[in-house]
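Presented sequentially are two complexes of subunit A, the first with subunit B as partner and the second with subunit C.
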Partner chain A sequence: MTAYSVTRLTWRAPALAAGLCVAATAAAMAQQGGEARPSAVATLVIWMPFILEGFVLNLVMSVLAMAIATVTGVILGFMQISPSRIVRVPAKLITHLFRNSPWLVILFAIMFLIPFQIRLPGGDTVMIPDWVKATIGFALPVMANISEILRGAVASIPSGQWESAESLAFTRIQTLRYVILPQCIRRMMPPWMNWYALLTLMTPMAAILGVNEALGNTQAAMEAAGARPELLIPFYLFLMTIFFVFIYPISLYTRRLERRFATGS
Partner chain B sequence: MTPSENWTPDQPIVALRDVHKSFGTFEVLKGIDLTVMKGEVVCIIGPSGSGKSTLIRTINGLTPVTRGSVQVEGQEVHDGNLDKLALRRKVGIVFQQYNLFPHRTVLQNVMMAPLLVLRENRKEVEARARELLAKVQLHGKENAYPAELSGGQQQRVAIARSLCMRPDVMLFDEVTAALDPETVGEVLLTIKQLAADGMTCILVTHEMGFAREISDRVYFTDAGRICESGPPASLFDNPQDPRTQEFLSKVL
Partner chain C sequence: MLDLIAPYFERLYDTTGLNFSPFYDSYDWSRLLEGMLVSVKLIAAIVAVSLVIGVIGAGAQTSRLRPVRWCVAAYIEIFRNTPPIVQLLFFYFGLGAITPQVDMGGWYEPMIGSFGWAVIAIGIFGGSYNVEIFRSGVEAVPTATTEAAESLGFSNFKIFVYITLPLAFRFCLPALTNNIVSLAKTASLAYVIAVPEITYSLSGIWSDNVNVPEMMLLLFTYYIVLVAIIAKAMALLERKLALPGYGQ
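After this line comes the complex of A and B, so read on.
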């Protein structure tokens, strides 16, 4: 029964997206009216490699940001459950600050707080490209959320696990490392993947700051092709389709994982 | 933990003196005195909420006491300077809810603590773990995961896991309370064998027949106090305290 509904979901949504794409293309072609200029679709085809090149940067930013967010988020999460107040309180502050700030505000703050170049001790200067700054800007809110996910996962482990590990003379670190964390990873996978999908969907915000990623390149391409209004729908639909094709399998898999963990098998 | 210099095996291996424990303003233990000699089997019985579980948990330091003294092999348990990990190598505990590690197999559950805590040789630990699993009648289940076992089987794994640390004292905190009636017997049998081997056992239990059969001494607790203690025959057949009489008349 559930398997059936999953299959249906899987096929219905992409089919819908593809249908929309075809319809919009047809509409765009109908607007043409035999002019000498290349059709909107032909224009799109010409610019596709340029847009896809931008999308590669979206992927690079999302993967890098997720790596940074995972490492720092896990460290922060551990600090949040530390028995020591001095460790715990700052971790909670940082976590709550970045969890409850708008992403765009964090992005702007990072953009203007990090210098565009740094001087190394040797006297050389290193430029920090905008996309690197944007990556850090995306990593911070995700880091805060991963910190919370870790804290929540640890809290969800029954206290009996701590007690039996303690009774077997495990140290706190051993208990975390060998008993608690392995059980947490399972529970953390679905939300972690969710945040990766969200993060990837947020990366076009970097276009506002002049990073040449997919959205920025799409806009630049339309501008270069004469900024004709009939380009808008095919170009943006193409852009959405790229993200959709990449993200949708991830969310499907996340949902399947969630269901599997919910039934406890 | 090396035994205290003054301690000799003819002295109590576990000694509680005037132990008080409060959770907030609620006093759970109101002055408990209890001594256990090496090799003795002691059962603590009494109505729910009388502080039995809290009492047994003070012995391995899981529950800190508010006042009084708990000594194991002559060493004060609730002394800030005591090496708690050393104490826990000497005192094993088995819980009502088994608390096995669900992500590890039966064999790994049993081997983990000696490998990680005692840093013993893997081959020796594995041989000992297999031997213990055979002893608790779980031969062939070494590679199963806890979720694949019945409650009674899981509880016997928990016992083997504790024993693999080679403790001097075993604590059992209502270990059959969460089990299906048909698996209670196999767990009690395991404990009985352990007692016959000379292990010092302290049990909190609701199994009156078992307590009577296995114990050298039975303690009846009510409302945070020990009302009465004695050899099982006299306590069960000829209770002196009115609360003991009332309790036994209800449960027997």
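After this line comes the complex of A and C, so read on.
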């Protein structure tokens, strides 16, 4: 029954995507006729390094945001399962606030509500670049989701584990550290990678707020190349292709992990 | 409505400096209402498009023809692994530039406006998730059930429509709820192509009145209430459709 499963198509989907790109660029070239201006594809080749340079910033933002989100998300997740109400209730509130709000709204909130410069205790002022603020904005929704994933993973550990740890005179912290967390990490790995992929796909949103990442650079490049309408399709397709080439292996690997864990446990 | 609350919010602004302008200024009030209306319409249209695509895609995945299955698989992979914002811009600017224009008697208007492109682009993006969700639902339908239908003389198409789909829909409701909620949030992306939904109209209000924190609070509240309503409605639907003998 599952012979038509998507996971088997490791090379066909990228090949088809590449085929679509070529077809669309060919169509764009055919549209243009024999003019003296450089063709859309030639223009794209000229601006490729500029767009790829922007993509590096996307990667930096995604890795940094993921690091922030993982650390804060795990802390928030542990706060959510704390036996004390004073710790648990605010953690739940924060988690729900950031899980249920759109990325764009959180991004706007961070962009407008964090000052563009801060005064250090020493008296110097430090400018906060836009991309750092965007990184924080991307980290918050992922943080809330990682917190929820951790809570779910802890809940999925049989309560016998807690009891046997207790009978061995482990404290709560020790139980979490040596018994629960090591098992949770295994279960959290696939969703964690899914969220990294999703986070990376959301980073071009920073362009709305003027960060010079891949999307911003693509739009700037099209503007600089004369804002010709026939540039739009090849440039945006190229941008989608870069992201696809980076994300697709991650999502394939995630799916393989998911399957291995599903059969393993 | 506005007359009732306006004095309170005006006094709030005078005494504390909290400027909730949509609650006392009639122009901002109309912008807020319009934004909420467009946002709800947009979400409803996107969800409808994505559900239709999901059903068609899940049906096509069970097709006997290999090329059809490849196309569905390629569609899923392409739309799930590229940034939705770039998809939206690609549809609106890239494809919008080559769609025919309609003569409106003197001026030309594109056949599909920004609202239409937002529905198409985000609907297709959400559909790529729905195909997988429906597929897992279809796989959860016991083969004995479809075999029984086959022995009663149902054709393949009829089995899918009358037997598999109603059961699969029930099996995948929890996953579907998640995706609908995430689509409702993704709909705010339509901001980038200037669809006048809530994020866009509130951003207009905060650039006119410089009351970003207050409007942010409003925006967060709006989305939390919206998500709560969707989750509640889906939970009700789930309970209404529950089959005896499945679940608790």
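Definition applied: the second predicted complex is superposed on the first by the 256 of 265 C-alpha atoms of A that agree within 3 Å, B and C clash if a C-alpha of one lies under 4 Å from a C-alpha of the other, contacts with A are read in each partner's own complex, and residues count from 1 in each chain.
Going forward, a residue touches a chain if its C-beta (ideal position, glycine included) is under 8 Å from a C-beta of that chain, and two chains touch if they have at least 3 such contacts.
Owing to the predicted nature of the structure, the values given are computational and were not obtained by experimental measurement.
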Touching partner for A:243 - first (subunit B), second (subunit C), both, neither: second
Touching partner for A:197 - first (subunit B), second (subunit C), both, neither: second
Subunit B versus subunit C as contact partner of A:134, first or second or both or neither: neither
Touching partner for A:171 - first (subunit B), second (subunit C), both, neither: first
First (subunit B), second (subunit C), both or neither touched by A:143: neither
Which superposed partner A:160 touches (first subunit B, second subunit C, both, neither): first
Partner chain in contact with A:179 - subunit B first, subunit C second, else both or neither: first
Partner contacting more residues of subunit A (subunit B vs subunit C): C
Subunit B - residues contacting subunit A, complex: 60, 62, 85-86, 88-89, 92-93, 95, 97, 99-103, 112-113, 116-117, 158, 161-162, 165
Residue ranges of subunit C touching subunit A (in the complex, touch as defined): 61-62, 69-71, 73-74, 76-78, 80-87, 89-90, 93-95, 97-98, 132, 139, 143, 181, 185-189, 191-192, 199, 203, 206, 212-213, 216, 219-220, 223-224, 227-228
Subunit A - residues contacting subunit B, complex: 158, 160-161, 163-171, 174, 178-179, 182-183
Subunit C partner contacts - residues on subunit A that touch it in the complex: 1-2, 4, 6, 9, 12-14, 16-17, 20, 31, 96-97, 100-105, 108-109, 112-113, 197, 201-205, 207-208, 215, 229, 232-233, 236-237, 239-240, 243-244, 247-248, 251
